[in-house]
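Below you'll find the structures, each written out as structure tokens.
Both complexes below contain chain A, partnered by chain B and then by chain C.
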Partner chain A sequence: MITINNLDFSYKNVAVFKNISLEFKEGNVYGLLGENGVGKTTMLKIISGLQFPKNGTCVVDDFIPSERNPYFLQNIFYLPEEVITEDTTPEKFINKIGVFYPRYDYAYFLNLMKELEVDPSRKFNAMSYGQKKKSLLACALSLRTDYLLLDEPTNGLDIPSKALFRKVILQHCVSTDLADSHVSACGQNSTSDTCGGRVPTIIISTHQVKDVENLIDPIVILDHEEVLLNATFEEISSKLYFDYGSEKSDEALYTEMIPGGYINVLQNKYGMESKVNVEALFNAVRNNKKVVRDIFAVGCEQ
Partner chain B sequence: MEFKSHQPIYLQIYFHICEMILNDKFKVGEKIMSVREMAVEVGVNPNTVMRSYELLQSKNIVINQRGIGFNVAENAKEIILEEQKKQFIEEELPEIIRKMKLFGISIEEVLKNS
Partner chain C sequence: MNNTFDIRRFGNVVRRDGMSYFKNFGWTLVVLWSIPILHWIMVYVSMETSDSEVVARRDILISVLRLISLIIVPSRLYKNVNDSRKGMLYSMTPASSLEKFLSMFLYCVIVTPTIYMLGAIAVDTLLALKPGTNPYDGFILGDLFNHNLSNSSVTINYVGDRRANAIIAEYIASKSLWVYRYVCILCISSIFMFTNMLFKKRKLSKTIGILTLVGIIFMILTVVFTVNIDYEFLEDYTADELVDYMIRVYDCVFHFVFCTAATLSIIFLYFTYRRIKKQTY
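Take a look at the complex of A and B:
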């Protein structure tokens, strides 16, 4: 569990967060959304102990990231958006950093590289951007940390690679779970017996909503000075109704044209079911900060 | 799995599993995929799949064997067919009747063409 309370952060004189409170519950794949420059990357850096808050607290399990306790650091991994350009190969790189992570699994790394279709013995600087991204994703997953923070992981991936990305992330959650469970019938799928971890908590920061729409749940939407939304799909679809129709609705919080009509985002007054469209959700929240906060304030306390 | 744009994903997975039970891909009395296996299979967050399974369970289509998994209930097919029939009569049939009236199609004509 990650708990952030009354957090302030600024770069020199530029305030990024003012009095932000936020919780990430264990074992979920969170989607962290927000406009450019609201501090998604900063948030990930604070959680992983790479930036220190000015005021307020960030606590991960029982650790304070800024203290940089080795037992904390061996259990969390932050994968930045920018790729490394070191003159090395993925297999050398992972063996170098793997020693710091007790559940690091080289066999799993090789499997992931195979699945993602990248050669682990090829030098990074001889790879395309997408191949570097995929190599580093394999590295990050193979460390088997309980916390994994991915900053724009699908940027630069081609279309088949995006599908592979979703697959390996979902398998990653499953494999740890199976190894951890006592149901022996399922255990045989596990590639390793060294992983005794919990179901990992993954935070994916992204602008590429379509790439991860079905993968993430809950969704957190950050703004400059507040958290606009932190809700599961189930909560979102119970509070908001996504109407796909041929007309614009006057009551809609947000309306967008889609092929064949409109998508209207309305308050869900009659308890109807609809499919959450994350892009429309994002725009609805962004354009109606206060209204949305009031809609979600009821019964959404963490 | 290809998703439609309007229906909640968890319902689409629910209907997908019903379809697999009707087609004997999941056999009566046998275990179906675990929530997490299904999540990987359809490429969707396990929380979403869990909701589909909860719905299947609440309709007694599958039975949760604690610690083992979900088994297809003995009368699962009857329950599914009953539900789909009800849905057809309540939701699809009125639309068909409306169109028949609009185009002036008689019952006899329908029967002749079927």
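Take a look at the complex of A and C:
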């Protein structure tokens, strides 16, 4: 589990987070949403130990990321938004870094590359941006880390590739033979500490909410210096009602015109069921920060 | 397995850095090595008439090339380590900061000079095996652990008196200067390792610029200091007293340079390790 407590962070004099507290529970695919510059990437970097908090704590499974303990590092992988590749092929690249990860699975990597329709023996330099991104995604998934942090993973992907992305992420999470492959990848000499495979926790930071709408649950919405929302779809739909109708509602926290009518985001006073629209949710939260915080009143203790 | 150091993990880091070493530095090594090899071949061809000084020059040649390599290696191998985008993978590699630092130390301080020494010994040995009289007498091999100024063709006039000069030269020759040489190698490497972690762009030019500036300041201070010394007292010294004095001066300078180089090495190596540990991206 990732626990962030009273965390402050700033770049020189520009405050990014002020006294925020947040939890990421195991085995979920979190959607980390927020406007440009609210600190989504910074949050991922703090969790992966690439940035250090100014105050407060960030703890990942009893490890403090800023200490860069090797056991912590072999259980987490951060895939940045910007594709940076070496003058090599994906298979050479993954073999080079894979040796450091006890649950790295080369066969799984090859399967993923096949599924994502990228040739693992082709040089990165000869690939398109989307192919590079898919190759690196395959690399990241094949390391089988407990925590996988993906920063804008669908940026630059074409429509079929976005569908493939969702497919491999879902497969990765529900893979039933995960534990078996962990054991086989670790070998007989490995200890349970390094081989205790778990259902991975994935945090996806993105602007493209529609690309990951059916993938993420729970959702974390960051705002300037604070966390606006950290809730599961179940919690969201129990507290907010997404009305797809032909008319605008005066009571709506947010209204948006959609083909054939409007989508109104209302407080769910009567316990009605509705399908969460992440984009509308995001705008509703952004425009009614205090109201939404009062409605949820949990998850983001400021 | 240990958090700080684990031999298997360290082996993986060394292997990864080794692949990078030959990929990023291999061609530079080939180019740099081609210069002394060409020199050897030329001397070999004209060996019958070669002067032993020509052969001795290869020591200087090797030293210069080794110096160039020591300066280049950190920025070639670990160029992107402190880059805010490209360096993330290095930092996220599941190995401790100590293991990463020791691997860096291994390639920058040990492997590079060793390649030059082994190469020089190998070529010298091949040439020494040539039948007949030739000037290859294992000079470089002996020089590795027995460096002294008497090997040099330069005759230094320390005090103007021939006998006194000989005594001073003998004293200096008796010193184990090879330690001094390796401390200097360590110092140069550690400076360039640290500045490679410190500067993000134009690492070499910035470092060389700063070193030149420091050198100029040091020279000015030395001149200012020595100009004000009254040397008239030396005129009253006998030759033996002069020798004693010169040996004391030599010892002072030697110890000052040795201690400074050793201290600087430790400081720069420590801060290189700190940079690896605390670098943010």
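Annotations for the structure displayed:
Note that in this section the second predicted complex is superposed on the first by the 275 of 302 C-alpha atoms of A that agree within 3 Å, B and C clash if a C-alpha of one lies under 4 Å from a C-alpha of the other, contacts with A are read in each partner's own complex, and residues count from 1 in each chain.
Criterion: contacts are C-beta pairs under 8 Å (C-beta built on N, C-alpha and C of every residue); 3 or more make two chains touch, one makes a residue touch a chain.
A quick note: this is a predicted structure, and the numbers were derived from the prediction, not measured.
Residue contacts after overlaying the shared chain place A:68 against chain C, while chain B stays out of touching range. When both complexes are overlaid on chain A, the residue A:23 reaches neither chain B nor chain C.
Once chain A of one complex is fitted onto chain A of the other, the partner contacts of A:158 are absent, as it touches neither chain B nor chain C.
In the overlay built on the shared chain, the residue A:117 is in contact with neither chain B nor chain C.
In the superposition on chain A, A:247 makes contact with neither chain B nor chain C. In the superposition on chain A, A:48 makes contact with chain C only, while chain B stays out of contact range. When the two complexes are overlaid on their common chain A, residue A:274 makes contact with chain B while staying clear of chain C.
Counting contacts by the rule stated earlier, no residue of chain A appears in both its interface with chain B and its interface with chain C. Listed in rising order, the residues of chain A touching chain C in the complex are 45, 48-52, 68-71, 73-74, 76-78, 80, 82, 84, 96-97, 99-101, 191, 194.
Within the complex, the chain A residues that touch chain B are 28-29, 163, 166-167, 170-171, 173-174, 177-178, 182-183, 186, 214-217, 232-234, 237, 244, 258, 273-276.
Against chain A, in their complex, chain B makes its touches with residues 3, 5-9, 11, 34, 36-37, 39-40, 43-48, 51, 67-69.
Contact residues of chain C toward chain A in the complex are 1, 3, 6, 9, 12, 15-16, 19, 85-86, 88-89, 91-97, 99, 277-278, 280-281.
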